[in-house]
């Protein structure tokens, strides 16, 4: 069986596991005050070129989004997100559970556009009834998006400028940030730290067993630690995330993890295209979305593990093939062999 | 330095770590559908003698409490807890954040009493204004309590009976359940499963890196999985908790973990008492609360790591010494040596 | 000045005021147990042909929506509403504040369609990821809609059938229900009580000083009174709403209020059409939406009070002219005179 | 039947009703922008000697408390209140519904004490675990308290000073403020405006049909209007409260309302004492709490309407007799006659 279903089907990267083993018996204070968390924070500050950054380690992505968004919005505010944004669709209403509305924006390939964002904000304030409406108080973007696409530097700067001119924070969901940073892109981690007010560096889908690093590049809001505790997002053994992120940001492992996965995804993309298979989206990252004949999919069933995405037409389906740090190099050529055999 | 500050200062029990290492490279489905979680659930059902139990693995205790309590209470209800209960004091208002009041009950040594509970419930329904008040919709107990004390079987049955007669669920916070089960007690895990409507088996403080097993012995309420997702309590890599709980419930490790810690705590208790040191509470579990002279505490500062609990009087302080699965046997006698030296 | 800005610019209907004056000095119990509330409930039950109905009087519409929706939804559920629905746009996120998502549905002229609703529900349950999504737990419709349009009996039955087959309640926001019932329609109040699981009969915009009657035709959910208290929706002087609704449902005043307003609106509609003025929407109720030249609007400024709705094109604007129980018959012909003069 | 059950059993004061009748047919803008609300705000600013005050009219007390407290607290904060405070007991958890904890303080006769407040705040910040606890973010007092008692100027200044030194707002629930201002007290409305950060002037229990005036003496927080809308607390016909408060603050009616009720209550108190009837509380306001023999209470049943308060001992009960603006002067002497007859 070939595994392309997602990027979280294995445990953690061997170097991450090694760090957990090496540190296991050392006594450490709890709640994130341990030395691994401290060191991980230093390494992340350095990688972000953000010496003033405050960093919180939280166990999963939905929780990180809910804590960051719900913790920053003021009571009368909601958060803008692409209609396809993860917070609007696949987090079971976690943002609304904190009392705030997700305000949908038009999207193209999972991305929002600075001009449309500005127009929406201007429209809001121009509406004579806006005091009876939810104020847009934050912009949420995912990078890579749910479709694997990326913002270019110009696009990100544009969105950041709009946010600044309306005095609302820009928040980036980086669940798969390793794969964004490793792609053919002009956006670096320091760019993200410079342009976003808060973002998270995903661990769970990028080589950790669990954990996301929520980064406030210019310092966290008041009492944010208590906000994380109140929302159940503070681990007693902060060391679990601390040690993992220490491993991920030592010797550039986080970037290496991304590079191997993206390289294989690009190989997959080229091979699919060469075989005349259409791609639903032109994704530069570790998720590829081929449009496959339903007949072919039936034949793949006991050979390849992939994700159903959406029906394309009566006879074809969009599926997702994801690579990760754990994808062995040879499986992509094995996939091609299987495809070639099945398609006869 | 001797480490008695708490029971979560080390990583995880070596057998737990071994399981994580052994399973690390096996692909598994996400969100708790992995085979380790499935097996851990089976083992827990067996240990609880509760073949119908539904079990959810959640990363930490505050989150488990908030999800269980907030997920079960109906909008007009609150939860009873001892005034000293963890949910009322040290979880930063996580229950209130879900919209529900914690209703304080009188306590003795951290425990509530069935008769007082019944009187409070009767008083509530007898109050002609009770429709303008928060309905008591659940009873929360911790076992061991925050003071290390335990409910006896008779006490637990009494509380359970009151809950049944008022048709409200009994919820047990078992953050340190391993230490309760290993103590000199007549309460077994099957008793807990029989008498409680929902409880959690603590992992974080009992040998895991993270994770608590929330158990509904007679089946979970409708769509509880979505409730956990909505509240950020569902890990993508459910295997992380699954594998750990599989290790903890294989070959009785969870009970072994408790026994070694409690045995050392009893040794500590006996030695303290022998030395004429008063104990604030008569605790049969892994937490001991000696009342120490402030002068002595100063001398211990660079030798023993313990927790401040509360001032006792002008010259003495209550402190907490906790043992755990990780406490090496010899450190208790080393502690006595240090105490004897310091007290001259 | 002619007043067409809205249907709540005056106090209350003279018969409502008379009732308040007549009952003012009679001592009554509080919190809705007064005899006027009791009698109003009887009259409403009769008018709805719903002898088992439970009825709660709540001071305003946004609050009624939030209490009804937030009080009925279970934690994992959201509420479907037309994208133009009042709860999604102009209630400042009151539903989200209760922790629930508003799930937008396609709309035409403010109305949703039974087939699209069914397709959305089927699509939800067919989605393999739906346990990670907000469950649709209620359908919200407004009648009249925000555009003054009405559901026909067939349409309403269709929506009700879908709700029944998916076991979710149908909720109708009847802020302007008097104007719906008085229009050229085949939907009666007993139809609404039969087809909806809960709905409110608007008072504020239909002749009362304040107050909406929330009706559960087949009985309210458990402890709903406490839910209203918890959400600040229970008036100490329940008599204030009780007496007003008693007046509105005595001698058919509520229907009379609607008829006079709708008759004048139809006269206005005919006159506008006759003058070649386009209507944005074909509304059969008390709100009319002419598309007027911006030049004309400037001339009207100190003569007619109306509501801005939305820009139509570079030179024209959609405005709203509303009649109410308080609109004097002659003002419609006065409006025509002014229009004729201004348009020269 | 003599009516002493509460101070909201009648409609509104005749001058309030007169104002509603006089203004009924005048068209006005909605949502609090009407001229009566504007004038009422001016009159209240003047009466408070607070020219910068922002004032919001809200329909009832529970809602006002929930909006003021929930709207001002930051996510990590709770509100201090006397254990007997209305928000902690008889508002069905309305504050918790907004996500915040009510932190109980010791009380005497319904009042909290500045020194105990300071000690609690110091204790909180001295606790090494306080970042895991709910931060005290506001102080709630009721004046008169639920027991009819009053803070003296010295006491109020003391509490205000503590709040200032800990940078948390002081909030006064003035549901019955008219009766406080009319009592034998050294606290004036300008004192309250000077010493509190926010408070409400009760209408419902002081002569209005509904409505409370929430006053921010030094200006409201940002977007508070939207916060009221979001929480269902903004009436479309703001004029309903506006006109009533205009009447109440014209020609000193609010003070007159209080004076007549308090004078009768003092007459009642003197008469009860003279007859050897013990009072549970020494209340200087319109609520009196005699301790009556159960045998006597039975005899009063069809003659006097009063409130049950709490059992005193096996044979006696604390009851509440309330006067109001509507209490006719002769009923107090009639009460004495009945008491004298019944006690034989």
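Chains here go by letter, A, B, C and D, matching the order in which they are written, and residues are numbered from 1 within each.
Methods note: a contact is a pair of C-beta atoms (placed from the backbone, for glycine too) under 8 Å apart; a residue touches a chain by one contact, two chains touch by 3 or more.
Everything numeric here is computed off the predicted structure, so don't read it as measured data.
> Would you say A-B or B-C is joined by more C-beta pairs in contact?
A-B is joined by more C-beta pairs in contact.
> Give a one-word verdict, same or different, on whether chain A and chain D use largely identical residue numbers at their interface, taking over half shared as same.
same
> Would you identify the chain whose Cα-based centre sits farthest away from the centre of chain A?
The chain lying farthest from chain A is D.
> Between chain A and chain B, tell me the centre distance in angstrom, where each centre is the average of that chain's C-alpha atoms.
Taking the mean C-alpha position of each chain, the two centres sit 34 Å apart.
> Which whole number of Å gives the spacing of the CA centres of chain B and chain C?
51
> Tell me, which residues of chain A touch at least two other chains?
75-76, 91-93, 97, 99, 131-134, 226, 229-230, in rising order.
> Touching chain B in the complex: which residues of chain C?
On the chain C side, the touching residues are 31, 70-71, 74-76, 99, 131-135, 222-223, 225-227, 229-230.
> Going by the contact rule at the top, pick out the chain D residues touching chain B in the complex.
75-76, 78, 89-93, 96-102, 104, 128-129, 131-134, 308
> If you look only at chain D, which of its residues touch chain C in the complex?
Touch residues, chain D against chain C: 1, 3, 5-6, 8-12, 14, 17, 20-21, 23-30, 59-67, 91-94, 97, 204-205, 209-210, 226, 229-237, 239-240, 305, 326.
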